[in-house]
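Below, chain A partners chain B and then partners chain C, in two separate complexes.
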Partner chain A sequence: MQADEQDRPLLKVRNLRVEFATKSNIFSRQKSSVKAVDGISFDIKRGETLGLVGESGSGKTTAALAIARLLEASGGEVNLNNVDLLQLEREDLRQARTKLQFIFQDPYSSLNPRKRAEEIVREPLDSLTDFDQVKRQKIVDNLFDSVGLRHEQKKLFPHQFSGGQRQRLGIARALSTNPELVICDEAVSALDVAVQAQILNLLKDLQANLGLTYLFISHDLGVVKHMCDSVVVMYMGKVVEHANREQLFSAPKHPYTKTLLNAVPKLDVALDVTEVQNQMSKSATENSFVNGCKFFDRCPLSQPKCKEVAPELGETQTGHWVACHMIS
Partner chain B sequence: MVDKLLEVKNLRVELQTKDGVVPVIDDLSFDLDYGESLSFVGESGCGKSMTALALMGLLPEKVGRIASGSIKFEGRQLANASSEDLRKIRGNEISMIFQEPMTSLNPVLSVGEQISEVLRLHQKMSVNSAWKRAEDLLDAVNIPDPKRRVHDYPFQMSGGQRQRVMIAMALACEPKILIADEPTTALDVTVQAQIFGLLKDLQTKTGTSIILITHDMGAVAQMARKMIVMYAGRPCEIGEVAQVIKTPQHPYTTGLISCVPHLDDAIIDANNRLSEIPGIVPSLREFGSNKCLFASRCKHQMEQCRAERPVLAQFSNKQAFACWKREIIDAG
Partner chain C sequence: MIKLSPLNQRRWKNFRANGRAFWSLIIFGVLFAISLCAEFIANDKPILVKYRGELFTPIFNFYPETRFGGDFKTEAVYRDPEVQCLIKSGGAIDCFDIPYEIMDEISAGSYSGADFEQGWLMWPLIPYSYNTPVDRPGAAPLPPNSQNLLGTDDTKRDVLARVIYGFRLSILFTILVTTLSSIIGIIMGAIQGFFGGLTDLILQRVIEIWAAVPSLYVIIIMFAILGRSFWLLVFLMILFGWTGLVGVVRAEFLRARNLEYVRAARALGVRDWTIMFRHMLPNAMVATLTMLPFIVTGTIAGLASLDFLGFGLPTTAPSLGELTLQAKQNLQAPWLGFTAFFTFAVMLALLVFIFEGVRDAFDPRKTFK
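Our next item is the complex of A and B:
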């Protein structure tokens, strides 16, 4: 029974969709919409880290915001501990938010400049829990210790911290309600490389100590490889590949994943960038192939069929899902 | 004797801050040959961009100045040259691509007007021929349908396309040196690969020398032949890229390489930690003091590090570094 509990995924996302209404021109009454997230599904096991990668505009952040109910989803299910977050209202939603917290990209703009550090960290406790003053203070003190900030810094304002310290504050704030799932949206992208290593180590330590589960969004594939147990690759709102870390990085299957991995500058050899350049000479265009595979126009393997029928995500081997007609 | 393309000697750049005058570049020397590519690496606040601004004569007015040292461009002294002389060189013989393509393009002029302006000013081209050349340049940087896109405004282009426009503008006068300050930081990896490919292509075609400023060791490995690691305004390691990456000598270089998870690293176990460089770059107040500024973050630090600035000393014929530990490192 206990083992069952452990094995069950903490987060189950099913067929999540987010659409944004657009008007094609100001005179037309007909509404059209952009499918920013187009039916994505994945699970995250308790205590694991799932990476969400893709180019900008692929819908990573939109998906994360919809999962956290910071953006209204158009359909689908988001089960956290077997509770569908998308169905919750008011007080229930407020209670559920304590279990799911967000770490944002920009440590500069995501902290209220007029609040002191301890107020920032305490804010989720104030608004989401009913703990008394003493207990809240104790939690804040403990958090300052665990993210590596000094107690005398509690009274400072955000501008008096360095970028890395501000991100530590953002992490402390996210952990204050003792969440189970933490969504890190490009949490280290704005930081310098040396500070990035410090924050990544902190996130790993916290995960080991507190049993946290991370949904980790990043465009840096090296960081994703280091941090994540499994990886979901998104392209224009769809999942094109989903596999565990070993398989995704050592044997990527989808041509888009391969291109993405090839594009990262490597340390050892000067790789021939012209190859990638030719493959990627076109950039993603919205709604170009409404019916077919969205990667069609950039894909080196594309066949006429790809233009007609959108490939479904299929399991090619245990735990490795790919959405491509050319991969069986 | 033939002059070097660019020869920088003992350059010192000072900034006026409220705590007094601080050297943001402190004794930097290097040279650059025709067709060569050089990369500056380091964290932010280490003087990489300041170096570029000093070369371009674009230091913040009244606040920054070149205190001593020389910058020789084909034998001509650029340090403290008159702004008129600099204007002739800038954008013409030395040009620069900035980090943020959105904020460094003029939002109310079409990209064609912005590119042709450079040509009209520096090459005294007529309006028509400058416009024609702008179209050709957009084509050269692989913007599809250049005849139409030349009328576009920056907001109508994607981030990668804007960066291509910046490159087209920088290359308009076929400069001898192209300085690229974090040209791909705001871009996707796929777009970054395209921009790097484009820069390399253009370098082979035009023979331009490239100075690349970046914090990404992968980008350095791919783009440059020589590199300079900067820390707190001082060069701490200089050498051939392949050699420095393979056998970094300065603890800061070692840290910079190993603190980043690279894609070509092997997956070890699930809980491996990155090696950290603790702390952050010292504040400007500490710049210029006679000690090793990296000492507070260095695991090898010893008394001498806090008492005296280490000198940049040759390690092998292609590598030099500034660290007091060198004897001990040498000894094994």
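Our next item is the complex of A and C:
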């Protein structure tokens, strides 16, 4: 029984789609839309961290916003504890947010400049729980301890904190309702590298102590390698590769993943900058309406078939899924 | 004394540092306080009367003339020499024939009638109310002299008394209309900006139509049907005035609803209403405050222009607009025009300076310098 509970995924995303309508032509009734997220599916097990990576515009943040219902999805299913979040109505959705919290990218703009640190952290408690004042205050105190902020900082305003401290506030706020799933949307990319390491370690410690599950969105592969148990690579709204960390970083299969890993600057290897630039320079938006593989015109392996038929996500070996005609 | 939050303390310090705004507030406060006590400054009834050892307060209470030994059961007309004589002499019968002589004798100390007991009347600084006809020979409007410091208008009423009462009426009217229409406007703008989409589209069209209704005609027609009154005018001005702030608040909310911390609040499960009025409104307040002086001055001007056209408050009401109309009709009496002009100029300038200071004090870029 206990084992079943552990094995069952906490979050199940099935065929999630988000489309944005573009301006329709006056002369035709046909409406066109941009598929920002085009049918993605993945599971996250309890207590694990799933990384969602991809370049800017690949739809990873859009997917996260749609999962948290901050943006309306066009279709699909998002099951958290076997409850489909996409079907919930206003008040139920608000209550469901106790179990699903969000850490935002920019610690400067995501904190209300007119609220004090303790008010910011207490806010989810005020609106989602009916604890009394004393209990709320105690929870806030504990959160300040666990994210490494001092109690005398409770009365300060956000602008009086440094970037790293602000992100700690954001984390404390997200943890205040004791959530199961925390979505970290580029949670460290606005911070400098030394502070990034502190925040990442804090997140890991909190995960170990509180049994949290993370959906970790990042474009920084180094960070993902440090944080995640498994990784989903997105390109143009589609999942191109899904594997656990070891498999993905040691033996990437999809040509896009390979390019992405090659594009990470390394100190010991002289990087052929022009080659990477050539591969990456072509616009990623121009071909969004082609039928075939979206990576077709940037792919070193591309064949005529790739232009006609979109590749399905297939399991090449246990737990390693790739969407490419040339691999599977 | 309410303890201000540190943020508001800082705002207050910023406001004080702005000398023009601070002194404008003090001058305006003093003027408004004075006008609030208008009954004790300009009135045709004495503040205090002593008659046969007893004290009377005619401003608060009704006393018939018979109370002071007169003949009528109506309220004593304290401006009549006969009534004054009766009070001062303690009810001498001769007062009905030779009041001036008796009063002269009393002040000289040589009066010695039967049953004499000296009384007195304490008058306000200006012994006229806004509707008291001045007892002065000549054709109205009469020029200023020691009796009427700003002259009289064309129905022989004291201009200074009318300005004091008119100032109070204008300000109270404006406070009422601005407060209520701002509250409605802010709520409507907030709803539109926060929910956006179809709500915004429909409400925006409704407001466009509503704002296009010629409000002046509606006010004139309603006055013709229901009769002129202060409260009807307040109601109608709010009815057509609340659209003024909607645009600004809506724009601020449309901007703010995509701000990261508003999105964060939604992600954290904060209620819509709380997000609107706890997170977004305080940050939209600066823009709202920027608009407020225009609404305040607009309301004052709106009331004045209605009165100027003769469609405003009842003609007996002390109105600065009506004074302006009289000035136009009596160009030979420049004291009317000058008084109206300077009253408006001082009132509007003070208000604009004050709001300018308030706006700067609320500006976070200046507050957190």
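Rule of thumb we're sticking to: the second predicted complex is superposed on the first by the 317 of 328 C-alpha atoms of A that agree within 3 Å, B and C clash if a C-alpha of one lies under 4 Å from a C-alpha of the other, contacts with A are read in each partner's own complex, and residues count from 1 in each chain.
Please note the rule applied: a residue touches a chain if its C-beta (ideal position, glycine included) is under 8 Å from a C-beta of that chain, and two chains touch if they have at least 3 such contacts.
Not measured: the values here are computed from a predicted model.
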- Query: Would chain B and chain C fit next to each other on chain A once aligned, or clash?
  - Reply: fit
- If you stack the two complexes on chain A, which partner ends up touching A:H159: first (chain B), second (chain C), both, or neither? second
- Task: Could you look at A:W321 and tell me whether it touches chain B, chain C, both or neither (first, second, both, neither)?
- Result: neither
- May I ask you to decide whether A:H226 touches chain B, chain C, both, or neither, giving the answer as first, second, both or neither? first
- Message: Contact-wise, after the overlay, does A:E123 reach chain B, chain C, both or neither (first, second, both, neither)?
- Response: second
- Message: So in the superposed three-chain picture, is A:F249 touching just chain B, just chain C, both, or none of them (first/second/both/neither)?
- Response: first
- Message: Contacts for A:T259 in the overlay, against chain B (first) and chain C (second): which applies, first, second, both or neither?
- Response: first
- On chain A, which partner touches more residues: chain B or chain C? B
- Using the touch definition from the top, say if A:L200 reaches chain B (first), chain C (second), both or neither. first
- Query: Which value, in Å, gives the least CA distance between chain B and chain C in the superposed three-chain arrangement?
  - Reply: 11
- Note on the structure: Residue overlap on chain A between the chain B interface and the chain C interface none
- What residues of chain A sit close enough to touch chain C in their complex? 68, 70, 94-95, 97-98, 101-102, 104-106, 109-114, 123-124, 127-128, 159, 170, 173-174, 177
- Query: Within the complex, which stretch of chain B touches chain A?
  - Reply: 43-44, 142, 158-160, 188-194, 196-198, 200-201, 215-219, 221-223, 245, 255-257, 259-265, 267, 270-278, 280-281
- Message: Going by the contact rule set out above, which residues of chain A touch chain B in the complex?
- Response: 55-56, 162, 164, 192-198, 200-201, 204, 208, 219, 221-223, 225-227, 229, 245-246, 249-250, 259-271, 273-274, 276-277, 280-281, 283
- Residue positions on chain C within touch of chain A in the complex are 7, 259-261, 263-271, 274, 279, 282-283, 364, 368
